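Multiple structures are listed underneath, in structure tokens.
Here come two complexes built around chain A, the first alongside chain B, the second alongside chain C.
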Partner chain A sequence: MITLDHVSYQYDRQDAALNDVSLSIADGELVAIVGHNGSGKSTLAKHLNALLLPYAGKVLVDGLDTSDPENTLAIRQKVGMVFQNPDNQLVTTIVEEDVAFGPENLGIPSGEIRRRVDEALAAVGMEAFAKKAPHMLSGGQKQRVAIAGMLAMNPQVLVLDEATAMLDPQGRRDVLEIVGRLHKKGITVIMITQHMSEAALCDRIIVLSGGHMVLDGPPRSVFAQEDILRKAGLDLPPVVRMGALLNAGGMSLPLCLDVEELAEAIWQYSCKM
Partner chain B sequence: MFKDITLGQYFPGNSPIHRLDPRTKLLLMIAYIAAVFLVQDMWLFLAVGAFAVGVTLLARVPASYLWRSLKPLRLILLFMFVLNLLMIQTGDTLFHWGFLRITEGGLRQAFYISFRLILLVGGTSLVTLTTTPIALTDGLERLLSPLAVFRFPAHELAMIMTIALRFIPTLLEEADKIMKAQLSRGADLESGNIFQRAKAMVPILVPLFISSFRRADELAMAMESRCYHGSEGRTRMHVLRFSRRDGLAAAVTLGLIALILLAQA
Partner chain C sequence: MAIQLQNVTYIYMEGSVLSQAAVSDIRLEIQEGDFLGMIGHTGSGKSTLVQLMGGLLQPTGGRVLVDGLDLGDKKQRKAARPRVGLVFQYPEYQLFEETVAKDVAYGPHNLGLAPEEVEARVRRAMELVGLPYDRFGEKSPFALSGGEKRRAALAGVIAMEPRYLILDEPMAGLDPMGRKAILETIAGLRQETGCAVVMVSHSMEDVAQYAQRIAVLHQGRLVKAGAPGEIFQEEALLRSLGLELPVPCRLAAALRARGMDVPPVYTEEALAAFLLERGKHV
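And then the complex of A and B:
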């Protein structure tokens, strides 16, 4: 359980990057945080594992206050974070050594690390690459290794800070598929993203704009607020947009999140005609 | 272009030499280097050489790999040989022509110095050929860790080496990309004298530097996210343990070196 209580943050001599944001994310949720460049979404992500500390307000992770240095390690163990650039988050020259990096920092005995590393690599389907060098892997594979590195720390929450932004379509599909599987296993997943179609896969979408939270709700209700989204510099996902355009052209379709749903709705509609 | 770069010169294998603890290899390498410097006799050089060849055979490292590490030595070797041959003037004169005078002492010294260089580079290459870079840094960290008492940053040094090894291929790849980008905008990297060419490197080095700083910043954040907080309370997945094999290797190597030095005395 993560709670943000009236959190504000400001980088040096700039406008507030986060402005009085309050929200809470329950265990097991699948949440997308979306926003345009400079909306404060990455700043928000970095508050979730104490990389940044709030300028005003409070962030609580499992009841632990991030501003207390005593809690930092415990919070970072609970909240795993995967970043955007796959090249800049792998530390060592061998895949399995890299996955072991987190547990090693936590002081876990070597036999237990071995077990966790094997498990984590299997969970992301990278066990065949255990002895390979990271620079030999594709972007998507590196990102899977980064996720394994987090899993080996046994986190409760996984934050993906635009983790798919630099990947090719195949890499993105693989990563999203793994994230979906981890969520089913009970891990809370928070995806920071600009891709509205990725956000559509989540149970809840939080929209940030200029450091403020402007929308928070399930995809259907968020996508219904097209004006607010547009003001925040965001587009509807293609399928939702298509539905909206059809409605503008005289049809009356419910809001659909994926292609099959839309096709079904159009079918139903034309049957009624 | 840089995808298949091999770091260091590790030759993958599973020989008894490969399986030795990196600390054993590093320490025995130091003993070996000392022996190479102390030996002053043709026959004993051959003995040390025979030992090096024996280890090579045991490690099943192909001679071509060893040759590759010795190849860059050719010029220095030639230079050192000629220099010693002409400069050292002891013992009987073997050859005299104008101002050139070659003596027995000079000839001997020239051969000694050549053998020494070959044995030195060949022997140390054997260590890097049979040990992965990560095992080497690991071994170095453990060997130096007692110095932590004197505030010697053994863990930090090892971490720096690991990160450097990790990022060399990444940065090479990036340099390649930037170079192509600048070439496609008409940058001329190949013509001109050495100063003009050095100047032409500026548009490649500046972006490379800037992006390295950005990388460093992001990597630091990723490391912090993974609870990195220095060596304090840190455990390792692979724990180095000396085995019977290490004891045997140490006994054989040190025994041989002792015999060789005794024979000399």
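And then the complex of A and C:
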């Protein structure tokens, strides 16, 4: 359980990057945090594992206050982060060493490390690349290794800070599939993203704008607030936009999140005519 | 007047054991005023092709001609360079000057133009990308937001007044409104100056919406080139290459599977227009 209690943050001499944000994320949730460039979503992400500390308010991870330095290590073991640029996150010259890097630093016995590394690489489908050099991998493969490195720490929460932004469609699909699997296994996943179609796959969407939280709810209720989204510099995902376009033209379709659902709704609608 | 790729091949590290063909035997022509979308997987050769068209790489086989000038020849290449504007991925990383105006002026200044001409071009380019000179000219490029930085970098290339503007993933990493601003800027520039646009993009929706022609690359080969209508009809082919179809195409296919007679469409507007019109007559 992660709780933000009236959290504000500001970078040097700038406007508040986060402004009085309160929310809580329960264990096992799959949450998307969306917002325009500069909306504060990455700043928020960095508060979840004490990379940034609130200027005002409190962040609690399983009851541990991130502002207390005594808690930092325990919090970082609970909450793993994967960042945008795959090239900035891999530190060694062999994939499996990279995955072992975190647990090694925790002082875990080598037999246990071996087991964790194998499990983590299997979880992201990269077993076959264990002995390869990271720089020979594609962007999507590098991101999968970065995720494996986090999984080897046995985190309860995985935060992906625009982890798909620099990937091609295949790499993006692979990462999203892994996210789905981890979520099913009970890991809390928090995805920071600008892709509304990715947000549509989550159980809950939190929308930030100018450091404020402007919407929080399941995709169907968030996407029904087109005006607020547009004001926040965001757009509807293509499928939802298509449905909205048809409704604006006089149809009355329910809000649909994927192509099959929308096709069925249009078909039902046209059968009734 | 055109960019002509005549059986172009490029091999990285030719002659070594690591030699690898990045593009093979590409035949493609970009006419003046064209809007060509280039799609394909990572590793399909898109970025290599961009560099070949800009004269940054010399083909190991075949020829690249810009308005008849052969980029394989040093002198002709020099003459052709200003005609082709290249915008790389994350171009804002290349901003370096103290002010936005100076940064945008860097290219035209190096062309040896008179200061008044440079300033006129800088003003026009900044206006076009939506960063009016009077408001943004004296700002530091590093004080801009992500989307504004991207537009400032784009202005620097536009100020060179290229006949061909080649962009590699120009919207990557931007938020939805930022993406839209860049796309509208590119489309507006083309309308105003008549320059041709080649845009590499992973977004099928954007390519479907804006491109007049689409080139599909796979493993260094040109698999198909044609109008969006032609390309997006090749559902099976695109799927086999791991490329996703735009949402309107997939929706049209799902409706056809249910027995509705939907014409080949690939934009939201066209599909909506069809469905709404159909609703009136049933």
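Assume the second predicted complex is superposed on the first by the 273 of 273 C-alpha atoms of A that agree within 3 Å, B and C clash if a C-alpha of one lies under 4 Å from a C-alpha of the other, contacts with A are read in each partner's own complex, and residues count from 1 in each chain.
In this text, a residue touches a chain if its C-beta (ideal position, glycine included) is under 8 Å from a C-beta of that chain, and two chains touch if they have at least 3 such contacts.
Keep in mind that this is a model prediction, so the values were computed, not measured.
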item: Touched partner set for A:Asp203, first chain B, second chain C, both or neither; value: neither
item: Contacts of A:Ser270 with chain B and chain C, given as first, second, both or neither; value: second
item: Touched partner set for A:Asp68, first chain B, second chain C, both or neither; value: neither
item: Contacts of A:Gly149 with chain B and chain C, given as first, second, both or neither; value: first
item: Contacts of A:Glu97 with chain B and chain C, given as first, second, both or neither; value: first
item: Partner chain in contact with A:Asp27 - chain B first, chain C second, else both or neither; value: neither
item: Which superposed partner A:Asp15 touches (first chain B, second chain C, both, neither); value: neither
item: Which of chain B and chain C A:Glu177 touches, first, second, both or neither; value: neither
item: Partner chain in contact with A:Asp87 - chain B first, chain C second, else both or neither; value: first
item: On chain A, positions contacted by chain B and by chain C; value: none
item: For the chain A and chain B complex, residues of the former touching the latter; value: 46, 49, 51, 73, 76-77, 80-81, 83, 85, 87-94, 96-97, 100-110, 113-114, 117, 133-136, 146, 149-150, 153
item: Sites on chain A touched by chain C in the complex; value: 35-39, 84, 138-140, 162, 165-166, 168-171, 194, 196, 233-235, 238-239, 241-242, 245-246, 249-251, 259-260, 262-264, 266-267, 270, 273
item: Complex contacts: residues of chain B adjacent to chain A; value: 3, 7, 132-134, 162-163, 165-166, 169-170, 173, 214-215, 218-219, 221-229, 233-239
item: In the complex, chain C residues that touch chain A; value: 41-43, 145-147, 172-178, 180, 202, 205, 242-244, 246-248, 250-251, 254-255, 257-258, 260, 268-269, 271-272, 275-276, 278-279, 282
